[in-house]
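To start, I am sharing the structure in question, which I have written as structure tokens.
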Amino acid sequence: MELLLLLALLDGLAYAAQLFMVAVGLTLVFGVLKILNVAHGSLFAIGAYSASTLAALAGTPWLSLLALALAALAVGAIAGPSIERGLLARIYDKEQVLQLLLTFALFMILEDVQKLVWGVQPVFEDAPVRALGPVVVGGIVYTAYQLILLPGLAVVCLLFLVWFLRRTVTGRMILAVAHDREAAEAIGIDSRRIYLLAFTIGAGLAALGGALAAPTTSLVPGVGVQTIVLSFAVVATAGLGQIEGAAATALLVGLGRSFAVYFAPELEVVVPYLLMVIVLVLRPSGLFGGRELRRI
Amino acid sequence: MPLRLAFAVGFLALALLAALQPWLRFVLTLALATGLAVLGIMMLLRAGQVSFGHALYVAVGAYTIAFARPQLDDVLLLLAAAVLAAVVAGILVGLFVSRYRDIFFGMLNLAFSMVVYSLLEKLYWLTRGTDGIRVARPRLFGVALEGARYEWALFALALVCVAIAAALVARYLRAPAGEALSALKTRETRLEFAGVSARRVLFQAYVVSAGLAGLGGGITALATLHVTPLLVYWTHSGELVFVAILGGTANVLGPFLGAVVFELVRVHAAAAFPDAWQMILGLVLLGIVLLAARGLVGLLEELGRWWGRRV
Amino acid sequence: MVGETRVSSPLLEARGLVLAFGGVRAADGIDLDVNEGEILAIIGPNGAGKTTFLNMVTGYLRPQAGSIRFRGREITGLTPRRIVRLGIARSFQIPQLFTEHTVLENLALQLAAREGFWAPFAPLLSRARSERALALLERFGLGELASVRADALDEGARKLVDVAMATALAPRLLLMDEPTSGVAASEKHAIMDRLVSALRREGVTAVFVEHDMEVVARHADRVAVWSNGKILAQGPPATVLADPAVHREVLGVEVAPC
Amino acid sequence: MIRTTRRQAVAVAASALAAPWILPRSAIGQQKPSEIRIGISTFLSGPASVFGVPGRNAADLLIEQMNARGGIQGVPIKALVIDEAPGVNFLLGECRRLAQNENVDVMFASISSASCLAVAPLAEELRLPNIMWDCGTQRIFEEGKWRYSVRTQANAVPEIVAPLLYLLKMRPDVQTVAVVNQDYAWGRDSWAIWKTAMEAIKPGIRVLAELFPKFGATDFSTEITRLQALRPDVVFSTSWGGELDTFLRQAAERRLFERSLFVLPLAESSLERVGKTLPEGVIVGARGDHWFLHPIAKDTDRLKNFVSEYRKRYGQYPIYPTYHMAQALFALEAAYTKAIAANGGAWPSREQLMDTLRGLEFEHLTGRMKIREDGQGLEPMLVGVTKHVPEYPFPVLDQMVLFPPELTMNPMGTKGLEWVKGLTMETVAKAPAPIPYKA
């Protein structure tokens, strides 16, 4: 029984790490730009496809690990600014619904773009996983990639983001804009630049999430769709723009899911949504969200 | 009343289209059904709230018909059952979600719809999972209709439902509780300081919107005679919001205009580019959002104004 | 028992209200009575806690300690919706208008809030309601703006519409947060004259936050001076405004020429 | 000006209102058409496009080849492809468009069972000949009688029974089994068939875990950990596409193949992609009597030519949906040919075409098959076990058994799920001898 619990815990951690990597970028973008980016899943998918392509070219397994990071960086650096400047920046003054729908349109377009570029046959490149080899826990074989590297990177990513946002000038500027755009502008912060920066980081994180997931899974049309809905649930459960909240929620969902697989497999699919409803009943602004009072 | 005229012209145009192109009868019936669901979405959009899960009520309506069909053999009774079930579901969920705003409102709706989606897939013994349930073609006023007659009857019925729903919703939107929807969007606190429960304003509209979506789902099920869980998948909910924006929220014509244009674009895009129809739809949506944020109704109004200036 | 029914009992009694936000004490033991029929002005520097007091009375903020009674009834902790139904309406420092509606519709929504709000198919702008809304607007000299969308108004007009909306609720107690700030100086007095005479005619008790000492001196029966979440002084305008401490605290900060 | 338009409009509307009571075009008379128009519904987007697109590719290639030979009875073929991914509502509208606007002569529907179940009644209504080219649910002909629909391949019952028979023949000592299926109709149906048949043939095999990860899952780590801890003798999975690939890769990385024997009735379609990650000794099905190294047909020109042309054009070996598409096309060709011959050279009506399809025997790429009177196709089931050979960078099938339909398919008028309850060890014993892989 203890072994079973331990295994469920390990599986949950590994899953939570993947989930966090996808959700954190979405949370960041939502926190700063107040836009729920439906195309986040597409960026995830494009990051994953690019990483697979690049990793396949890399030759040696260790180089392929590097290729993952490179692919994410490239996708973030290209897609982020072009989407923000080319599309989003045009409608910041419009209603939120329109901004949401814009990203939905983008999602539909990118779905077909992926198909045209990478085709419909599943793409699979697991050289990075093989490079790290297996780990054995209690007689059970895991891959080091999923059990150690991914959770490790998720923690690094979390710590980095917290440090970046709280301790650096740029990060504080992002937080200031996220908190109150008008007040931030009043003290001389160029919110347009912050938007660009935050969206680019968010896009990069989406691509990174995809790139890191790529070696563990087959990429097929629709892979982004599957990921994005879950990330939505994480973002809402966490509270608006809460990085630590996203981590905590990802952990909750990851553990909830793996315990479900062990003890009540039929519940697996609904676990994230049940968690979300329960959390929002108890805390209407999300796990880490503070209640906002409007100045009147 | 120009809106009534627009509806009359629109109905005539649809009937003509359906007569000239028999296959469009079915597509247009579905478009009208979608329009009914979007009419409900549009009420919520007026309150600034985006439901990313309203396909739930479409599915409740459709599955109610699938489950009730063995006992009921009448189109109108079945539709009534569909609306009733959707209203009940709307009350249950609405009591909960009407407390929430913006992303929480949107995501909770999404969550409920996704839970129902997985239940429809999971409860295989009850729902036949993704295979879906066949609906035997019911009678209308005791008359068994075949093929094209049934299609015409359903098309006409959809038009009648649209006319009634549009008229009632238009009046509702002019009544205080309807006008309060956009008041809720712009200054919810002020509503509360006037002694009005913003939650009740939203709840009431939510239940109406659920009923409308249920009616739309019912008509859909009666037209396709086969219901599957895909009806409630979140992309379908997204489509409903898409159509609402495409049509515009200025008046009750928008949802139907949007739905008809959406279906026609989709059908023609799919015919011309079977591999990239989704991209075409995405580009249309992009164009609307960037260039005509008030939707087709807004475009029509501007066209009318331009015409007025020229003459 | 007998005491509560006395005519002289205050309409509103605030006792020992305390509220702090992150170290700043916006209310630090506020005791204040508002008597039936009087018009009370609240003055004080920015950040003294004037708006916070209104927010607590109307249920937007909940005091951490203390109690508020209205017509002898405990209202602390009730929601704004309940409180407004008991007869306390307010206007806002930052106008809270329904910006997608016309001025007339803004007023009509307030009127509808009192009756007929849930009638599903009776139009908001029924003839009777429109006429009443228009009459209210005329009182504030806003008749011509009736069909203008609220987001197209200038600051002064917005402010007045906001106050008009509060009066449309026909409260027993009307709280106004800087009702004429942003209104052109030339119109200020005329509007206040009309407003105050209407309040007195209808026997409405009012509290208003004001920075313009002339307005205070002319219209208030009584003045309360706020400072750092406390009431520094209260009494008839002539006495209070002559107090050097008040002068230093309020006028020294606010009105001194730069 | 205005008056004429209105009068025209009224006239058009009036004639159109009358239109539904006019008989459809096809019933009036059968002249030899200028082309045979086929509407094909297949997945062009979403996860199932891993089957849909190869199916469409095969159609393109084969139709081109057929037209180069002069088409069917001298009439060229034209295909109109539609995407069934958006769901039944959309598909039914598209089918109506194809039938009523594009005047297709035959419909090939579909991949998903939901699509087939929804299209069959519509085909009746439109009197539109419909060949179900790939969908698997056995319910279609068990629960409905369809005048205008046939299926040119087997169905879920033999597709699951054959690998089970193969397993029990190869490993009669199996004690425990676990299932990992996608959580949707096919995953549930196929498990029900397997479980029922297994309990009938060899009662007492214990089911250690029934895992149904959600459809479209991208990670099976948790399931794999479960399976490692439970150590079932057999892991059964009817997953397909990217999900099967992921499951197999993750299982290989985590050495699950060393602990359990895998039975994968659909894995033929994944072999080339997963490559030698998939170890030897895994039981693999092909959803029918076809494979590019089919033990009997592999040296025939017909198959060799198809495989090499397909590879040249699309860069991959053909997988089962391409054969299913071929079966549909060859059946259509054979039916037209036979019907015209029986008709004294005249072009057959839709009803004649359908009558001919029932009971039709026809040649396809890898053999010969028959369509039963109820419309259900009968074909043998190829099952084998993986083997690594130097000639190919991916596993090939060894010890192939071609299970005849008599052994694995329920007879007409019975329900598959009931019929499998009558299977016994004798059925296993009747399995034909395995054919070893030959380069």
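Chains: A, B, C and D, in written order; residue numbering restarts at 1 for each.
One rule holds for everything that comes next: contacts are C-beta pairs under 8 Å (C-beta built on N, C-alpha and C of every residue); 3 or more make two chains touch, one makes a residue touch a chain.
Quick caveat, the model's predicted, so the values are computed rather than measured.
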(message) Using the contact definition given at the top, which chains are in touch with both chain A and chain C?
(response) B
(request) Tell me which of A-B and B-C has more C-beta pairs in contact. (result) A-B
(message) Taking each chain's centre as the mean of its CA atoms, which one is most distant from chain D?
(response) C
(request) Could you give the separation in Å between the centres of chain A and chain B, each centre being the mean of its C-alpha atoms? (result) 32
(message) How many angstrom lie between the centres of chain B and chain C, each centre taken as the mean Cα position?
(response) 44
(request) Can you check how far apart chain A and chain D are, centre to centre, with Cα atoms defining each centre and the answer in Å? (result) 37
(request) Would you kindly tell me how far, in whole Å, the mean C-alpha position of chain D lies from that of chain C? (result) 75
(request) Any chance you could list the residues of chain D touching two or more other chains? (result) 44-45, 183, 214
(message) Give the residues of chain C touching no fewer than two other chains, as numbers and ranges.
(response) 60, 92, 96
(message) Counting only residues that touch at least two other chains, what does the list for chain B look like?
(response) 118, 122, 189, 275, 278
(request) Could you draw the chains as nodes, link the ones that touch, and say if you get a line, ring, star, complete or other? (result) other
(request) State which pairs of chains touch, listing all of them. (result) A-B, A-C, A-D, B-C, B-D
(request) Spell out the residues on chain D that touch chain A in their complex, using ranges where they run on. (result) 44-47, 49-50, 52-53, 183, 209-214, 216-219, 221-223, 225-226, 228-229, 241-243, 245-246, 249-250, 253-256, 273-274, 277, 316
(message) Help me check something: in the complex, which residues belonging to chain C touch chain B?
(response) 58, 60, 79-81, 84-85, 89-90, 92, 96-101, 105, 108-110, 112-114, 116-125, 165, 169
(request) Please give the residue numbers of chain A that touch chain D in the complex, ascending. (result) 3-4, 7-8, 10-12, 14-15, 18, 111-112, 115, 119-122, 124, 126, 129-130, 134, 139-143, 146, 213, 216-223, 225-227, 257-258, 261-262, 265-266, 268-269
(message) With touch defined as at the start, can you tell me which chain D residues reach chain B in the complex?
(response) 9, 12-13, 16-17, 19-21, 44-45, 81-83, 86-90, 92-94, 96-97, 99-101, 112-114, 117-118, 121, 125, 137, 139, 183-186, 188, 214-215
(message) Give the list of chain B residues in touch with chain D in this complex.
(response) 15-16, 19-23, 26-27, 30, 118, 121-122, 124, 128-132, 134, 146-149, 151-152, 220, 224-228, 230-231, 236, 263, 266-267, 270-271, 274-275, 277-278
